[in-house]
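Shown next, in structure tokens, is the structure this report addresses.
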Amino acid sequence: MPKKIRLGILGGGGDSLIGILHRVASQINDNYEIVGAVFNQNHDKSIKFAKEIDLPTNRIYKDYNTLIEEELKLPKEERIQVCSILTPNFLHFPMAKKLLENGFHVICEKPLTTTYDEAKILQNILDNSNLVFAVTHTYTGYPMTRQMREMIKSGTIGKVQKVDAQYYQGWINPIIHDKSKRSSTWRLDPEKAGISCCMGDIGVHAFNMIEFTTGLQIKSVLADLNYLYEDNAMDIDGTVLIRFNSNAKGVIRSSQIATGEENGLSIAVYGDKGALKWEQENPNFLYLLTDNKPLQVYKPGHAYNSKLSLDGTKLPPGHPEGIFDAMANIYLGAAKAIRNEKYNSGEFPTMNDGVRGLNFIESTVHSHKQGNTWVNLK
Amino acid sequence: MPKKIRLGILGGGGDSLIGILHRVASQINDNYEIVGAVFNQNHDKSIKFAKEIDLPTNRIYKDYNTLIEEELKLPKEERIQVCSILTPNFLHFPMAKKLLENGFHVICEKPLTTTYDEAKILQNILDNSNLVFAVTHTYTGYPMTRQMREMIKSGTIGKVQKVDAQYYQGWINPIIHDKSKRSSTWRLDPEKAGISCCMGDIGVHAFNMIEFTTGLQIKSVLADLNYLYEDNAMDIDGTVLIRFNSNAKGVIRSSQIATGEENGLSIAVYGDKGALKWEQENPNFLYLLTDNKPLQVYKPGHAYNSKLSLDGTKLPPGHPEGIFDAMANIYLGAAKAIRNEKYNSGEFPTMNDGVRGLNFIESTVHSHKQGNTWVNLK
Amino acid sequence: MPKKIRLGILGGGGDSLIGILHRVASQINDNYEIVGAVFNQNHDKSIKFAKEIDLPTNRIYKDYNTLIEEELKLPKEERIQVCSILTPNFLHFPMAKKLLENGFHVICEKPLTTTYDEAKILQNILDNSNLVFAVTHTYTGYPMTRQMREMIKSGTIGKVQKVDAQYYQGWINPIIHDKSKRSSTWRLDPEKAGISCCMGDIGVHAFNMIEFTTGLQIKSVLADLNYLYEDNAMDIDGTVLIRFNSNAKGVIRSSQIATGEENGLSIAVYGDKGALKWEQENPNFLYLLTDNKPLQVYKPGHAYNSKLSLDGTKLPPGHPEGIFDAMANIYLGAAKAIRNEKYNSGEFPTMNDGVRGLNFIESTVHSHKQGNTWVNLK
Amino acid sequence: MPKKIRLGILGGGGDSLIGILHRVASQINDNYEIVGAVFNQNHDKSIKFAKEIDLPTNRIYKDYNTLIEEELKLPKEERIQVCSILTPNFLHFPMAKKLLENGFHVICEKPLTTTYDEAKILQNILDNSNLVFAVTHTYTGYPMTRQMREMIKSGTIGKVQKVDAQYYQGWINPIIHDKSKRSSTWRLDPEKAGISCCMGDIGVHAFNMIEFTTGLQIKSVLADLNYLYEDNAMDIDGTVLIRFNSNAKGVIRSSQIATGEENGLSIAVYGDKGALKWEQENPNFLYLLTDNKPLQVYKPGHAYNSKLSLDGTKLPPGHPEGIFDAMANIYLGAAKAIRNEKYNSGEFPTMNDGVRGLNFIESTVHSHKQGNTWVNLK
């Protein structure tokens, strides 16, 4: 009977999106227990946040070096087994390196490091260990990208001949056109974000999605990037021509000035027998196109999906996973009420809603049974 | 600094969908800690399941009466504060009644009870207490149904004049046409499921969604149900004409023989100034129609949404909440690897994916900077 | 070699939508030639309109009685063979009656007449003739409604068990809430429009679409209509419960106060083996749902469609029929230029657009052939 | 009062799609009358086709030189005024040249010619004439591409900073992988189709759509094309990086091996204040995105559209232009019946459908008026 894995967290405190995402994800399958953390470089804030989420504070450390030292003093069966690195990019490398060197498994946000050379160093260390290292290219976890991978692997679309991936966002648009904003945004500062903004932050997701779904390796690239202003050192848009071995070609389109786009990651893979298309903003639909049959739309949870896809599906067909969050909102509303905090009508359905429901059900059956006549609700 | 609320769970063991849904939802906002449970009427199974999800077994009880008795012996600051009832419908009433009578808050699956009379009894007990009682009409927790409610309340569509709600599923289709299956399905047994199958199970969700979003009460109903076979005692399809006070009218359409439909809950509310439409299978889109302006599509997380909607949104625009689950699938893959269990390629992105990513980013910038030429990846 | 059929037109002059629709439709397959007409009850307007569309005026008559009398004097091989009736509803009956009695075929807008009794009289006359009588339930002419009919006939979805048809418009919303407007709209005047506004104008289309696609007859109805105001004598909204022979049931939902809806006709037919769904506002998509296979989307022009569907398709897959109109707009722009009328940039692509195109094509191939380098357009 | 313009047609006989498209389009606005033609290089076939569409054969000529010579002999008020050129590409140049030199207006299919040099020659001739020359980039005729152009011109999305156009088809996929088919397809023969297949046939439409909607000129291109097989001389896929003056950049993606794609032309234009997106396969929807307001969906026929868009709209909102064709199919069915040709049930709605309709309408009102009870249809 498996015990929960002991998880440490570096970064991701406060209302950090990435912090929430990793915490929730680690709880969903009952596999992990958070036992230690450095949520913030400011130790007081770190402690404060631990209390907010009701975590014991004795293993909230002041920095990652301390975390490693102190945890190594604990008996192995109590010690953190794996650490999630959720810090700004430039810290990934030193943290991951020291964790691996001291025998900790690592779950690391992307990009892995800020340079290829650093990445190779980590790979070398890992290769000489028995440790697990996961990079959170989150979109590969969707049931339908997994299904896409398995269908391509099984030959459904034949030999890949064209690939088109897009990752369009518009969030930097109001920043880039404002001189003071663009000089004070860390994503646009090479010191903090590495050599690329658009390609490093999101183009690389499109790249990864191509290699994940097709199982192919991209052999070469030709890129045209856009910086828009001369005083801006970082690409905020670009198109990359790509070539695979064989005659397959393709394109990666990526932008942070695609005004109004939210998180427009999509991929289309065309083979000689068919094609598969997927969009992140409607992640539960996978489209299969062929030369001469009706378009087919695959959805999660159906028995026709592959094992890899079904293993990643916890809900029956027709239930978007957002329902976890919808239910969580109701639990949140109830928690406020239980704690006697202020809450508003609509935050959770009450007894009265339940009573109305029974009134409806009985009235409905009554109306039918007496020959389709009107029945008043009480 | 709030401590987590101590949660007990009745039902929902094994691979019960509703069990997973409530467990995940209770963890998402760091508000609840599961401390006790009766997961199954078979105590051994209950214990076994607790071990599977790495829960201490000392507060896994043999039945709900024992749970209540034993928890009452504990000091108040250790005792279960609230119980979630996830059992079959006919157990909701006795469990909820006893919990309320002994001072426990309750979170109860719908339908609240199997009869209106039982529901009224519970309401009476609650009215004479200071307890919290939530009925999990989950769909009211979506950011965009909350936004719909707030927009109607604020007058965006004017006075409601027509309402159309649908809840179409097809799951009972292969059962209803098979005589032996339809006689052995508990949902079709009035003893276990109450007087209605289709209206009781899903029609009531459509009903609740109407009252939740419009803030109006349905005054009377006229129903035509369908049983398809003479030896079937339970409705598996039906249409309900509805009337509100004033001249507003509408319809609730509900079916479990809408072959091929998955979880097709949707609602359209038409006012004299505009209309709002929402569909559960694409829950992040809310449509505003007016007489003479372009159709507007509202999405979660934007500042233009109401507080009630934004409070229920944890992710930035463009991120479907399914991303929690996608990330969870990656954590699951990593957990298998950390535990040295068997896993397959594709279950989580590895160091190698991270290294490839850096290779891509650097090659892309390199290609651009040297005048848009081809660069080979290593 | 067939000669074109000689067509007469009653009504539909000026910028009448229905007039444009019938004129264009009659030309599309090179089968009809318009030879005579009464476009308007005002003879001068009728003549003026004939000149506008460059039709000889010698067979533009002052009323339908004159048309019939004069045409009968012509030799049979010159005489109008068929008349299209595009007038207000109450004129359908006398016109159709007299045409049939004098040996003319008829193409008649719906509703056929204003009362069932009149309709039966026409049917009797027709039954004792060899004439052709078409009622223009236009939506049955779409390739995908025809495909739907043929698939149901061939057993694709098994035995029909539930039908849901909708026809929602919002156009009467700004009228109905304005006392003076609602008292001066002919559609709301029983003298001119018959006993029903919403059911008579659009509900009947939904009804027809059900019988057309399913091949079944509706046996009985139960209706709840809405008039909204006491001084309004005509239904402007309603829901109709329907029953077929056997245990199949369904619903027709129809409204003219569904604010913001444009022409929302849709139909879903659920059988015991599958379901088919179609929407008028996206008429080129037909959805096939089953218990356990991916959703399939049928589109016009593919070889997998039935003969009835393919016979009604003139364009290859992916070309919406709106392309006829797009091309017509370009011809219109060119006509203005040819006639030396005023026109604006953008009304048709010019020589310059053609030259730019060649410049693009050659530059593109040039760029590729010289190793993917930049080429300036001239 | 304008007389119809006298139109001649070169090419487009038999069941040529492009022939049908131009014939229908020329009739739609009552502006043109076809008076002469060379439908086919085989004169007998040309005559035969003229008879099929019931056109007088005295002005069906054996070739375009004869057409020009003979028409010049006719008095000016009878003579063809404008000729549509619908032949294979390599004939566009000689035909257009001679027509212009002899004073005929020209409507020419794209690509204008097979080389840029030829195109420049035509342009020179035209510049020294008073003639009209239209190139049928059909997609610029859609109401919503016109609306897009006008909105960009009026500043709705601010300064253009990124453009992405796609034209994906899959039709050449089954041909390109079959050695004998690919060597016998004229589109893949440079002698007949010019220097490019994919860019020349469809890439150029995407190019034109960019310049049409943005009002900008593309300054330079960098292309990577795909030929897939060494024995194939013509590109069947490619991606083109594009640059405008200023810092705006973009991409044109075009393919004929995008397996399963039908006619996937789409365009997205991103400005610093907003973005506009349009797709040919759903041509009645234009999407406006901004940084912080709900997505807006524009549709044809609404008063909020520009004059250029409204001038190209003949139908009220919610009516796809395919309704012209749906109605034409009913006229076709009636024509078969009138001519006593064989036709099948479903080809047009009959008297019986009309009678059923009245029966429905009256029963519905009856049911409502007697208190929502069941009424049997007769």
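By written order: A, B, C and D. Residues from 1 in each chain.
The criterion applied here is as follows: contacts are C-beta pairs under 8 Å (C-beta built on N, C-alpha and C of every residue); 3 or more make two chains touch, one makes a residue touch a chain.
Fair warning: this is a prediction, and the values are worked out from it, not measured in the lab.
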Most distant chain from subunit C by Cα centroid: A
Comparison of A-C and C-D by number of C-beta pairs in contact, larger one: C-D
Between subunit D and subunit A, distance of the C-alpha-averaged centres to the nearest whole Å: 43
Geometric centre distance via CA averages, subunit C-subunit A, whole Å: 48
Geometric centre distance via CA averages, subunit D-subunit C, whole Å: 22
Subunit B: positions in contact with at least two other chains: 222, 224, 241, 243, 261, 288, 295, 299, 372-374
Touching residues on subunit B, where the partner in the complex is subunit C: 157, 161-162, 164, 170, 173-174, 177, 222, 224, 226-229, 237, 239, 241, 243, 247, 249-251, 253, 255, 257-261, 268, 270-275, 288-291, 295, 372-374
Subunit A - residues contacting subunit C, complex: 222, 241, 288, 292-299, 302-304, 372
